[in-house]
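A, B, C and D label the chains in the order they appear, each numbered from 1.
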């Protein structure tokens, strides 16, 4: 009867596996005798991206654009300096969180009106009143109470006294609510022990297979390292007698190696085999989400194909979610469902694969696609690449970061930073001139 | 309408080996290649297939403990001398064709494995031994000896190519070290893969360019040198060449460094430019810039280019002709269009399919099973046999000859030599 | 025969086991193929056995004086292999007894420096930040300051010259090398991706330090310790030569040399043989160190002293 | 050049805490001596009056940091106390030091000269003849030379050149230049051996680099490749340890001066130790420590001058 309603309800109940909200990572640049901080490398500068369960999000960009830092920040290997990394969060919580954030920024700027306080109270009420939000009941009651008071104060109820004046109370309640949600759902707000458990669920495979395996460990120890940290593998879902050794054997088979490889040391393996071992190590704790940081860029083409196929197979088998980071758009295209393009610490375009390749809107994405050499001499096109090189991330250009190299740049590009806007079809782009008609690329 | 193409460089039976404590690695195993004037030829292959080693062998800069074991590299031969040589070679080829298959293995140095004794060591022959082995009625046997005796590192006066002084005079492998130095940088020039490690870190860009220019062009006047340096830096389109000249390599970005490298290579107007993975260390947009520059500049200078890369896309866009290398051998050679349209060797076909192409998303990439063979082990037959889906018995035993399957399209595979059906083995 | 096979089996099993045992087997296997290591180990073994067996060897007691005419300044002969000194003592016997002191000082001083250095180096590498800043500053200071000079100043100032003083002085002066090494190594290893992977699996810093960082420091530490013993022996003999180290009548190579110096024209053997003993011992440890460096980690070639 | 100047200034500033720490350690030496600190500073068998004067002068009753201040203040003014040893009693330590300073500097200068002018060419030569007979012999020779204790080497040289061959004077300074040859050789040879080994391995590393192949591919002669490009790169690690070398020389100078009775600061120090002349020993330690610090500073600056990459840091 009400299928549309059902669908929307489904979306509302959906749990988003990973979402970053305005994630930033700055590295201080030190200089002089006393290590004075003279500036910051804006490696990641406000990245908001969401990854659904079971999909592969590709992240492309040139060296120094911050794509590797995004992966490392999600894993807390280099914890983000600002922003939120949500893990396994119901969509309703996320939506409320974003609304609350926008209201907070209004309050910070001092532009808030009574209507905003009412909106705030409504939003808080909805968030902490719902069962989807997993916060202790006491805190929920507290926060709902606060929301209630604010609403009444904003509505002009004088009976509550000065202490409940919405102008003072609202920012406080907002901070409380945001912290409460962040503490429950954000990786970068977790306690140490909680973090350790989360670590088992998010894993990474690095680019360089040569340095990612300890040269003094046998393959068995490398693959089994997770069990030394988190204890033996969970046997509840598996056969009763399912010990560590069996699990390691199973893992090593899953990545296409054999049992007699287990007692060997990393230096006896080729690059592709090392990458398989690294993959087995990542899979050992049965993670949900794996960051693949250029997993094949150190490999030869024929071996790369083997590893890419393996990654695909494993994803289907275990329902894994990937963040696939690479500089190679053709590989990313092959692997991903959606692609995000990064430039100088920002995501400048994000779209489903086909949409991005056939209908790229951002001039940088267009240039990136045009720069890729096509292994087919029939396309001996005159390349419409871009001039110049990526500016320093220490002092990125004002306005749109791409404007010094952009053919379409106008005055507004030099001053106003374009926001990532939805242009339909799940296509997001951060450009003032995305509407500009472009000749087809391929 | 085949126009006569003038060859710049002709490689014949080039074999380069590395002598390690663990054994002998055969990095190049009988390379034959002809590079014509004003063309750009791409050499494609995976790590360890010997594509870079070909470049170093041409310049005779094979690092220790490697050595060029045999072969000839004819550089800028005169037309008359070349035709004579081709005649010798054709005679030898014809003789070889007449041999029963079992003997082919034993004899022919260029196309087959070297004869080995029971311990697997390579056998070296004296002249009389070779004559004893060779049926007397066959005249071109002496050519066989050329190759065999080159192995023995001496050229007896009875073999045709070896005796022909005019022919030998063009062979780079016969030249003195001083002569080679005058060729390097001036006539044959090279661009290296990683510009961060291939420029001397403690000299400025200007100093490094001046050194090369003054060496090969005999210019010692500082002002003139500087103007030359600026000219060449402008040619590679470096912004602010005056500043770049005074800078050290570490002060430049990767793309700029590679431009400086190109400037170094082109500074003396070489007739042959060897670019060894010139864009591998660069980002894709910078790669596009550098490739465009290379194409343009090479055409502008009127030079010939050998482009070595692992990226099929790069050669497809840049090169006229492409050689596919595998385990130290050239397995297929064709024009770019032809190669991508009709990949003939199973390895080429596998490589093309394993390469993810933009806009052609597949569920599964087709793969070449297994890994590259150990170059320390001798393979009497085809090097690709272990990974080949269509390998037969003969592939394991006899090295496939190079055959022309289509016009100007050569392949070394028993599927096309007729060897696969040869039951005389 | 079966013994040998069983030993071989055991070694193979250890080799496959990874970790410390595998490291030891590897060390033995590769070391025995390196000529420098073999020569070095042989020299050191001979020196150590001489030193250990000194009390039971059929040699004259080192302090037995023979002041009778003709008994002192004897040239080397079958009775006194290395001759006798100005007091008629047997030079060979004094050298054998001197080996005890040199080797003891060398080993103990290196052991203490190793302990100080490893603790401080690991602390700096483990905590990083301010702690690292202070510790590495101290390390650098001690590193640039010549160990010998510091030991000399300490030896001159410390209460009573003697064996303990020398060991303490050398340990205090020499630890910086070890600390630098461990700190540098731990910083380098922490950058390696396998440590990152371990972190991603949830390993804490302590686990990373002890399972990844420390084992990867082992090879350079062994190399360094071997060369360190040679250095410590040099310093000890230099101190004794200057009269700050071991005090007579205990037999010490440096002191023997010093007393032989006066008679260098008439009885060169008194000074020549102790020097030779020092030379051979130091050579042995240096050979072992250099050889192990080649065997274990060729990248360490740049390291010095 | 501006970046080089900034670099030097930075290095000079960084030397200040080092100097302070070094003087602090020297200051603390006094408290390592047995008994009352006055015992170490006052001549033996001196009257209570003299002892009180000394106690007063160095403020030994003050709190430690004030004492350190007094010590520094006097140090800056060149007052290191007076000698209490036999023969030099009551002479200011600074006078004793300044008399000997030149001799030590000459010895170390010539020693350094010998060690680099021998070590660098030998190292390059050995690298170019890697694993050949010449290389092997050089390596064995340097290994043995380095293992030789310098006092023993000195004695052997004396025995050979002064006693048996009688070419050079036994000891002292009366023979002019001929006197310095043996001490300087003794001091320089050990470090020459070390420099040779270091230069060799550094050169071997450098010639494996891509840029060396690149230079060869430009037709540049082998001589230029090695002596111009190779040497300039290979010498960098050697320069980084010049500071350590100077430290080594300072330590070695003490021993060598004693062996050859060369009247430098080292000999002064050994005599001071034998005479239990604490003020002299302390003075010598300070001067030698300054040598080390200055040497390190010079090495840093030299390094920045040769290697353009360092200055940025």
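By definition in this document, contacts are C-beta pairs under 8 Å (C-beta built on N, C-alpha and C of every residue); 3 or more make two chains touch, one makes a residue touch a chain.
Because the structure is a prediction, the values reported are computed rather than measured.
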item	value
Winner on C-beta contact pairs when B-D is weighed against C-D	C-D
Far-end chain from subunit A, centres as C-alpha averages	D
Chain centre separation (subunit B, subunit C; CA means) in Å	53
Whole-Å separation of chain centres (CA-atom averages), subunit A against subunit D	57
Distance from subunit D to subunit C - Cα centre to Cα centre, in angstrom	23
Contact set on subunit C toward subunit A in their complex	16-19, 22-23, 192-194, 196-203, 207, 212, 215-216
Subunit A residues within the subunit B interface of the complex	62-63, 270, 272, 300-306, 308-309, 312, 327-331, 333-334, 353-354, 357-358, 367-380, 383, 385-387, 389-390, 442
In the complex with subunit D, residue positions of subunit C that touch it	137, 141, 144-149, 152-154, 156-160, 230, 234, 237-238, 241-244, 254, 257-258, 261, 264-265, 268, 271-272, 274-275, 278-280, 282-283, 286-287, 290, 301-302, 304-305
Partner subunit C, residues of subunit A touching it in the complex	72, 75, 77, 195-197, 199-200, 202-204, 206, 208, 211-218, 220-221, 225-226, 229-230, 263, 265, 278, 281-282, 285
Parts of subunit D lying in touch with subunit B, wherever the complex brings them together	209-211, 213-221, 224, 229, 232-233, 236, 306-309
